[in-house]
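In the two complexes that follow, chain A is the common piece, with chain B as its partner first and chain C second.
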Partner chain A sequence: MLRPLKLFGLFARISVLNEVQYRANFFMQVLQSGLSLGTGLIVLNVVYSYTDTLGGWSQAELLAIYGVFVLMGGLIGSLVIPNMWAFMEDVREGRLDFTLTKPEDSQVLISVRVVAIWRLVDVVLGIAVLSVAIARMGLEASWWLAFAFASTLVMGMILLYCVLLLASILSFWFVRVWELMEMMQSIFQAGRWPVGIYPDWLRLGLTYLIPVAFAVTVPAEALTGRLTPQLLAGTFVFTLVALFITRRLWMLGLRNYSGASA
Partner chain B sequence: MSSHSIVVKELRKTYKVPEREAGLKAAIKSLVARKTKDVHAVDGISFQIEPGEIVGFLGPNGAGKTTTLKMLSGLLYPTAGELSVAGHVPQKRQREFLQQITLVMGQRSQLNWDIPAIDSYDLYRAIYGIPQEQFKQARDEMIEIMQLKELVKKPVRNLSLGERMKAEMVGALLHQPNVLFLDEPTIGLDVTMQRRIRAFIQEYNQRYNATVLLTSHYMADVQALCKRVIVIHHGKLLFDGELTALVERFSAMKTLVLTMSDMNGKTPDMAKYGTVVTQEPNRVVLRVAKSDAPQVTARLLADLPVTDLTVDDPPIEEVIESVFDTPEEKP
Partner chain C sequence: MGLNENITTSHPRSRMSLRGYLQMYAVAARQAIIEQLQYPAANMMFMVHILIEPVIYLVVWSSVANSQGGAIGGYTAAQFAGYYIIWTLVRQFNLAIGPHGFHWRIKEGRLAAELLRPVHPLLPDLGYYLGYKVPQTLYWLPMGFLLWLLFKPEISPDPWQVLAFPVVLMLAFFVRFFFMWLLGLVCFWTERVDALFELYFAAELLFSGRLVPLEVMPAWAQNVANFLPFQWTFYFPIEVLLGRVSLAEFWPGVLIQLAWITGGYSLVRLIWKLAVKRFTAVGS
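This part shows the complex of A and B:
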């Protein structure tokens, strides 16, 4: 378990050292993130000028969901998605061969290579929004709450990683799967609202197919004291299953790539 | 475990490729019932390579060279046959195996284009788990030999093709592998750069007694580096032996160069001796069948005032070309 983290640290360090040379990108990202945060908050305000609760969530609680949404978007956008793009490009251009001749697990290698540090602006903004939401909710801090929130956040991130990697793995067979990735990223946008407000079929899809519910709603539920130990355990099991399935499909994809199945 | 560095026995790789006729109707039909055709990219080749050997791996495009290299480096599963590289079965891709090999492809870059090469080297150090001291020494030494100096601190995308390839070679050898698979490492480079890369390969080979399997379209690479060549064509082994023997075996012609003393302006009819390549008043270049060479030489010496005569093999490029011109044998 330690080696992947060490590799990640090294890759991240090099990414950071290089990205800081391009300060313009930082300001662009601040501008972009600021704009999208602004519009998001305005929409929230508009909604609450008509109603006091939405699907059982108060205004402050909904702000918490939005905070988690921005935070998660930042985490995925800086740590996961850039790696998936790089991986798909490697398959297309045949550079994956170099990764496969390295004495390191290939799934680990392709998963930790790139860190888009400027996207971390969203992480900062997300935490800021969350702080405001927490203050407004008048939340009482407890170890259970902190643990539940942190663990669901991490599991949500792992689940999104699994789903995004599953989509990318398809490039072993189809080479071009960008559209699918784009689609999944836009579906993630649905996460800014509690999934409870959506019709059943969509809610199920957003829970199990594209686990936006686990990635955003569940951590927010943890923060607002809605999370039961059962749901936490369920999330844990689901995360393990997703990791397992992703691993199997990765191996299968590799076998196909190397012609072992032919 | 054998003492050979590389053992290849009856190696085969068959690709199933979809086959369909032109036209929309055929395309739709192929969605349902896919017809596939077997393509034998590598069709039963065997050879062995000893530690420390540099072997040229030759063949025209599509002969199966890259497929073989990919199987040897564990990227592709063989359809049939046995493989052993540095005592390991490549396709198992064990850590101990991957630690000992390297793969360089002239057409592709493994260095990250956005960052300086020296940063990529650091990543390779971590991935291969090279001890810090050993890494620094190997890195600085190779940078020195390649005369890369400050270039390793520039983002790779700002380097010229030749500079990039030098940086690429250094990165591929930092972990000091025993077995090198080099696929067209000098492609597209100018003569000086080619020479530099060649010298580097030679130096590395001598210092570490590393085994090198090299493909190249430049015969100068092969002549400079490889005593032995393996030629494959249509997935089959065509020749395995010394480069000089290849020329001996496959060139049907000899080149005769003769210098004559002044013949008082008369031009002798040279066409009756063989094919005239060039003819100047005192110097003639002839091409004759190898079997006729001794006889023609004797006649020339008897008939003409020859002052000097040499018998040469044709250039290696021509020999290779004539080898590749042989049509595929139909089973």
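This part shows the complex of A and C:
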């Protein structure tokens, strides 16, 4: 159980050592993240100028959703997505052989290889937005709240990891799947708003197909005291199922893979 | 280096006949059509990728309108639906070579080969993106129909507005095409272009009517938008087909579109000359 974490720590250290050589990239990322945060806040403000609540969420609560959205985007963008691109590239170029011959679990290896550290700027910004939102909501801190928020955040991240990996695994069969990845990343944008406002067919898709609902709305619900223990338990079960399915499909995909050199 | 200068100083027009140009456009357009029809699944996914953005805006603004008694800024929920469904068609048409594509073409050394051709690289691009509209419109049709069924829009144009729409749609493409090219030319001077591109796209999002009809934006944003070309690539064509542009507003709008096209084209010509002088290719 600890071994994946140790591997992750090792690769993260290499990534950091690699990236700190290019410090200018940090400032570029700050510029870009600041820009997209600014745009997002302007959009929220335009909405606020017309209405006080959207789908039952107050202004401060909508800001909390946006904070979770930015935070989750940063986590996925730095820890998950770069690994998926690297993996798909490996399959295409036939380089996956090098990973498969290593004496570690291949799924773990391809999932922890890269950390795009500068994207963590978004994590910092997301936390800042969240803090402002929490202050405005006048939230009373409690252990239950902290636990519910932290656990739903982690589960949301695992679920996004699962669907992104599922999409990447398809590259074992269809070599070109980057359109699918791009599509999923644009669907993630729907998470800026509470999923409750979307029509039923779209909300179902955003919940089970591409779990934006679990990744952003549910943690925000936890933070605003909307989360019931039942929903928390349901999220937990769904996460386990997703992990199981992803694992099975990974095994199936591996069997289908024939290397470039083999 | 001398070769490049040859290309900028010589006038291809004196060498190539009108027929030659038309043939060149036709070839570039056909190439785009064939390329796009080759990957139907990838194209469908690209379509979803494009559609998800307006669907989000549509849902947000119709819920805001509904929560405020049915209308805000002169738009009802059904009119918002109409706005964003036309948006998807306009988006298909104003797609042009992105600055990222330009960056790639310089970085990979493709431009060196393109410079050797007896035509300005702008022209095959133009042909390619015009041809690109054919399969994209085909892929758009089922999606547009589906959106229509799902969101029941209210679109009420007069007959002349329906006829005028294709015209302003094409003009919108030309405005966007030249300004995208202009942005791409920045790559001749610097490699670090991502932040600049994002600044440009953020401005486009806010001031073009891409995010929300400009009338719904705060007054300061509307004022800023009047000094920028963006609203003539999204807002204006959408409003024409939506039936919200009167004849008295239509002609000035077309003139402003033409003015931006002329301005954009002149700037491209001017900066292109400077850019090519800087360009050096390695190898072949």
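In this section, the second predicted complex is superposed on the first by the 257 of 262 C-alpha atoms of A that agree within 3 Å, B and C clash if a C-alpha of one lies under 4 Å from a C-alpha of the other, contacts with A are read in each partner's own complex, and residues count from 1 in each chain.
One rule holds in what follows: a residue touches a chain if its C-beta (ideal position, glycine included) is under 8 Å from a C-beta of that chain, and two chains touch if they have at least 3 such contacts.
Everything numeric in this text was worked out from a predicted model, so none of it was measured.
In the superposed model, A:230 lies in contact with neither chain B nor chain C. The wider contact with chain A, measured as residues touched, comes from C rather than the other of chain B and chain C.
By the touch criterion stated above, A:100 is placed in contact with chain B alone, chain C being left untouched. By the document's definition of touching, of the two partners only chain B reaches A:258; chain C does not.
Shared-chain residue A:187: touches chain C; no touch with chain B.
Of the two partner chains placed by the overlay, only chain B lies in contact with A:109; chain C stays clear of it. Look at A:49: by the touch rule set out above, it reaches chain C but stays clear of chain B.
Legend: residue contacts after superposition of the two complexes on their common chain; A:14 is shown touching chain B, with no touch to chain C.
Within the complex, the chain A residues that touch chain C are 24, 28, 31-32, 35-36, 38-39, 42-43, 46-47, 49-51, 53-55, 176, 179-180, 182-183, 186-187, 189-190, 192-193, 197-199, 201-202. Listing the residues of chain A that touch chain B in their complex gives 6-7, 10-11, 14, 17-18, 93-95, 97-98, 100-104, 109, 255, 258-260, 262.
Those residues of chain C that touch chain A in the complex are listed here as 39, 42, 45-46, 48-49, 52-53, 55-56, 59-60, 63-64, 67-68, 72-73, 150, 192, 194-195, 198-199, 202, 205-206, 211-212, 216-218. Taken together, the chain B residues at the contact with chain A in this complex read 13-16, 70, 73-77, 79, 91, 93, 95-96, 98-99, 101-103, 105, 108-110, 114-115, 119, 122-123, 126-129, 155.
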